[in-house]
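Encoded as structure tokens, here's the structure I'll be asking about.
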Amino acid sequence: SMAAQKKLQGVVAATVTPMTPDGEINLSVIGQYVDYLINEQGVKNVFVNGTTGEGLSLSVQERKQLAEEWVTKGKDKLDYVIIHVGALSLPEARGLAKHAAEIGADGIAVITPSFFKQVKKDALVAFLRDVASEAPGIPFYYYHIPPLTGIKIPAKELLDGMIEQIPTFKGVKFSDKDLLDFGQCVKKNDRGQFVLLYGVDEQLLAALAMGATGAVGSTYNYLGKANNSMLEAFAKGDLSLAQKYQCSTQEVISFFMAQGFGVAETKAIVTLLSGIPMGPHDFHSQVPLRSSLPVSNPNWRA
Amino acid sequence: SMAAQKKLQGVVAATVTPMTPDGEINLSVIGQYVDYLINEQGVKNVFVNGTTGEGLSLSVQERKQLAEEWVTKGKDKLDYVIIHVGALSLPEARGLAKHAAEIGADGIAVITPSFFKQVKKDALVAFLRDVASEAPGIPFYYYHIPPLTGIKIPAKELLDGMIEQIPTFKGVKFSDKDLLDFGQCVKKNDRGQFVLLYGVDEQLLAALAMGATGAVGSTYNYLGKANNSMLEAFAKGDLSLAQKYQCSTQEVISFFMAQGFGVAETKAIVTLLSGIPMGPHDFHSQVPLRSSLPVSNPNWRA
Amino acid sequence: SMAAQKKLQGVVAATVTPMTPDGEINLSVIGQYVDYLINEQGVKNVFVNGTTGEGLSLSVQERKQLAEEWVTKGKDKLDYVIIHVGALSLPEARGLAKHAAEIGADGIAVITPSFFKQVKKDALVAFLRDVASEAPGIPFYYYHIPPLTGIKIPAKELLDGMIEQIPTFKGVKFSDKDLLDFGQCVKKNDRGQFVLLYGVDEQLLAALAMGATGAVGSTYNYLGKANNSMLEAFAKGDLSLAQKYQCSTQEVISFFMAQGFGVAETKAIVTLLSGIPMGPHDFHSQVPLRSSLPVSNPNWRA
Amino acid sequence: SMAAQKKLQGVVAATVTPMTPDGEINLSVIGQYVDYLINEQGVKNVFVNGTTGEGLSLSVQERKQLAEEWVTKGKDKLDYVIIHVGALSLPEARGLAKHAAEIGADGIAVITPSFFKQVKKDALVAFLRDVASEAPGIPFYYYHIPPLTGIKIPAKELLDGMIEQIPTFKGVKFSDKDLLDFGQCVKKNDRGQFVLLYGVDEQLLAALAMGATGAVGSTYNYLGKANNSMLEAFAKGDLSLAQKYQCSTQEVISFFMAQGFGVAETKAIVTLLSGIPMGPHDFHSQVPLRSSLPVSNPNWRA
């Protein structure tokens, strides 16, 4: 059985992976990154090696090093360090799950393997179960992001029987605009037993109204404070104030979307705001494929 | 200038078009349909000849007859009779707009012509303007439904300069899950000058939280009361009660979606609840193409 | 029963609809257009009021006027004048079919009504049948273009039983890249009873290799000669020469695709080559929505 | 510089990866598999660890073991053993490429990393270049499969300058129905310097007509002879006979598509025909996610 859990409060930042100018992962700045999130953004929870963290583009060895560094540097500072351990390969995902448990992560998350698109519910749940079974002592989160994976199985269908298959199942990172599906996940959360973290940052308020219990996303790297304030306003019943925050963050996100809104843009803005070099990035390039990293756009350089 | 407007209160039902067993439009039951909506559903606003009404599948003559019957039978009973006059053909849409104004409709709405997919903003606004100009005395609503039309121009972009081009512009029927776009339309509605009617019924509460001022949809033919109650709960700040209503209507909609959730299903359920024969329909058939109308499924017959 | 048919030889041009600077249809240049196609392009077959002809964007009255003018001016000059009579509305499509038969068209064609996407085979065949039944004396062609309609029913499935439902069924305008579906239509054409006209001009040679019997397309307005030469080379077994023609027309089409490859571009190039003003057009605008027709790009003006 | 190359003749089979009932890779049957392909299918070229081989779902270690076994068992028997070394992670793809060169593979192939969809040409070419540079002595093939990756950069654009960036570039596995793009690749192959292997088996004849020089696909595991005969008929100019072969293989592929046409179905049919247990499979399951492998459908068991 799992140890008593800290309560997950406030937004969760999906972290970027700092890289050197040569495209190697840069572990040396993780400590600073932790402090920046806490001190500048008021964020005490992180989701490491996910989409924003380029997890699937890293080697297994790199992912383990990053996970370890985040757990080590976050100790006694961060509340929640969730390590994304999903991979296209089941053996690799299992190995990453086992490692995350060994280093003391606060939870693991797994995305649907998505190269093949015709995945069935039973096969997917079995995949998730086999990964989760390698980390029996820590919470398991299912990472639902159909727009990226192309796998359309509704989350509400996956939730049916999930806890029986995966005793450590704790919740969902729900990154989709389908709020009928989300609302029906909320309905299944009737005893508040799950954590339903919404992942489309620009419409978090809508999901809160439907019953979201929290949020994970890339924009909390630079819009953490505003969003935590929105969570507070919403919790107090001040919808009008919450709308003001959402309206304001929508403006920012809309601006970034016009530039591309990819990992490269997120790295650029976090570099600028934090002063920590997150590595080569280029506005408008969306995805740094590492080998092709261009010179940073000087306008966005820290 | 337009006459003083009644205030639009409560949901707007997107009406089905009653047909005879031979597939001809059945004007004779419109009066009963008006009474059913008011008495059984608490709905006093209708959106006629839209998607649910199979507007684009009707002949111009049929559309005019239906519009006239709704205005006549709704007189002194309904608050708002909005006639959808969009068409793939500009001359036909113009003719329908002129007719709607002549018969005394409370407003017109126009969908994006969608056979060709590469439509640009300027061309679309010009199309809308030309149609609206035929009905200079009544409010004009833009009908935004990218999932059906395939035209992806964000509504917020269309709103920029819309009022200058179309002096009768009054609002948007926004039938999309993109709440970033919707939220930015809300922002442009800073003086409350527009009506922003949300059109994805199963997540109306989310849109209310973002700033929707009302709703148009097919489900208000049979879930009118529950949704009007949800609007009231939300207006009073009772989000918890509003969530209960949304959760309950989501269950119903989810059930119907499993059957197909098309016009045929809507006709079947309205026939069942109202006792008014809405015409040939078949559960699981989605769209009645008129010539092929099968015998009604007896389980759903009134 | 139908009268003995002329043999359909050579490519079929999907004609544009000439318009005046005001966006009205311009019947006065159809005669010149006929002569241009025959004399300059070597094309003696036309497909009128189709996608390229903006058929669905015209009023019923305009479509009838255009059909009549093409039949009249093509008399004793053109071999085949096929009138597209498809419409979203069944009553309108029926009226157009009846009219086409009355004026002496050589055939009619019908596209899948496509506003609603969940159309079933039986419903679609019934729709086609009802339209075809209004023109019992002339050949009927099914116009298959899933990329534009979004209706994915394979043509091979529609062909099963088509002739029993529609005695005048003569063939398919197959505008899709799915050559498995096309190849299986070819297999059903074992007695050469059908005409299988391929509609993706830039890969016609591939379809010929799979068994196409001809071609319909917009590019035959300006690449008619080269394509008729390709048909001849292919018929003689000179695949190498056919490849040269296909390679050459691919270059041209690829160039136009970079500009947009819509109706507006087709009008521009036909205006340029024929000297006949096809009406307002603008390179890069793709679709003229009539009300918004900009000043022609002088570089492409005749 | 590379050693003189054997000529690539006949189709290339995209091999499945044999697995034990426990979902472990089963190296022990590769030798039999080689003999089956040669003796029963007349196929002497293989594409290992590709899509059909579930390459991206295997661990790096498993992929290396499989590559080694195919090269070893194919020695002096197979003509071409091409190892697919693509991966979402650049470091892993580089390691696989280096290994393939070390074990004596006849070539490597790399798919576009596809988790992130907004990849630009320059970034993609740089990725491919970095992988290819680890295997400087053997031919490099770019694996183009937009329907699976979602990356839409046309192959013809990638070919521009490819040879300058990647001196070992030898050709493309082109798995797409866009024959305009393919035809323009053919045009760039004016000196016959490239190998253009078509990858949509059910329409190979169409691609041959456009200029394909060969084929790679999963169906050559069980339709190898018929397709090699088609290649021969086509080479001799007997298009009519080639059409008969294509028509016949289309029937078979169409049947399998109705069952799902995924890796699981391919394993089932190869198990049946070869008598070699390819591992757990289930008709209609499409993708074996390993952890969830059901008992084989007895109807398809060898």
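For clarity, chains are labelled A, B, C and D in written order, and residue numbers in each chain start from 1.
Convention: a contact is a pair of C-beta atoms (placed from the backbone, for glycine too) under 8 Å apart; a residue touches a chain by one contact, two chains touch by 3 or more.
Small disclaimer: the values here were computed from a predicted structure and weren't measured.
If you take subunit B and subunit C together, no chain is in touch with both. Comparing the CA-atom centres of all chains against that of subunit B, the greatest distance is found for D. Its C-alpha atoms fitted onto subunit D, subunit A is found rotated by 180°, rounded in steps of 5.
The geometric centre of subunit C is 38 Å away from that of subunit D, both derived from CA atoms. For the pair subunit A and subunit C, the distance between mean C-alpha positions equals 51 Å.
Those residues of subunit D in touch with two or more other chains do not exist in this structure.
Listed by chain label, the pairs that touch are A-B, A-D, B-C, C-D.
Listing the residues of subunit B that touch subunit A in their complex gives 177-180, 183-184, 186-187, 202-203, 205-211, 237, 239, 242-243, 246-247, 250-251, 253-254, 257.
Those residues of subunit C that touch subunit B in the complex are listed here as 23, 51, 56-62, 88-92, 113-120, 122-127, 129-130, 148, 150, 260, 262-263, 285-292.
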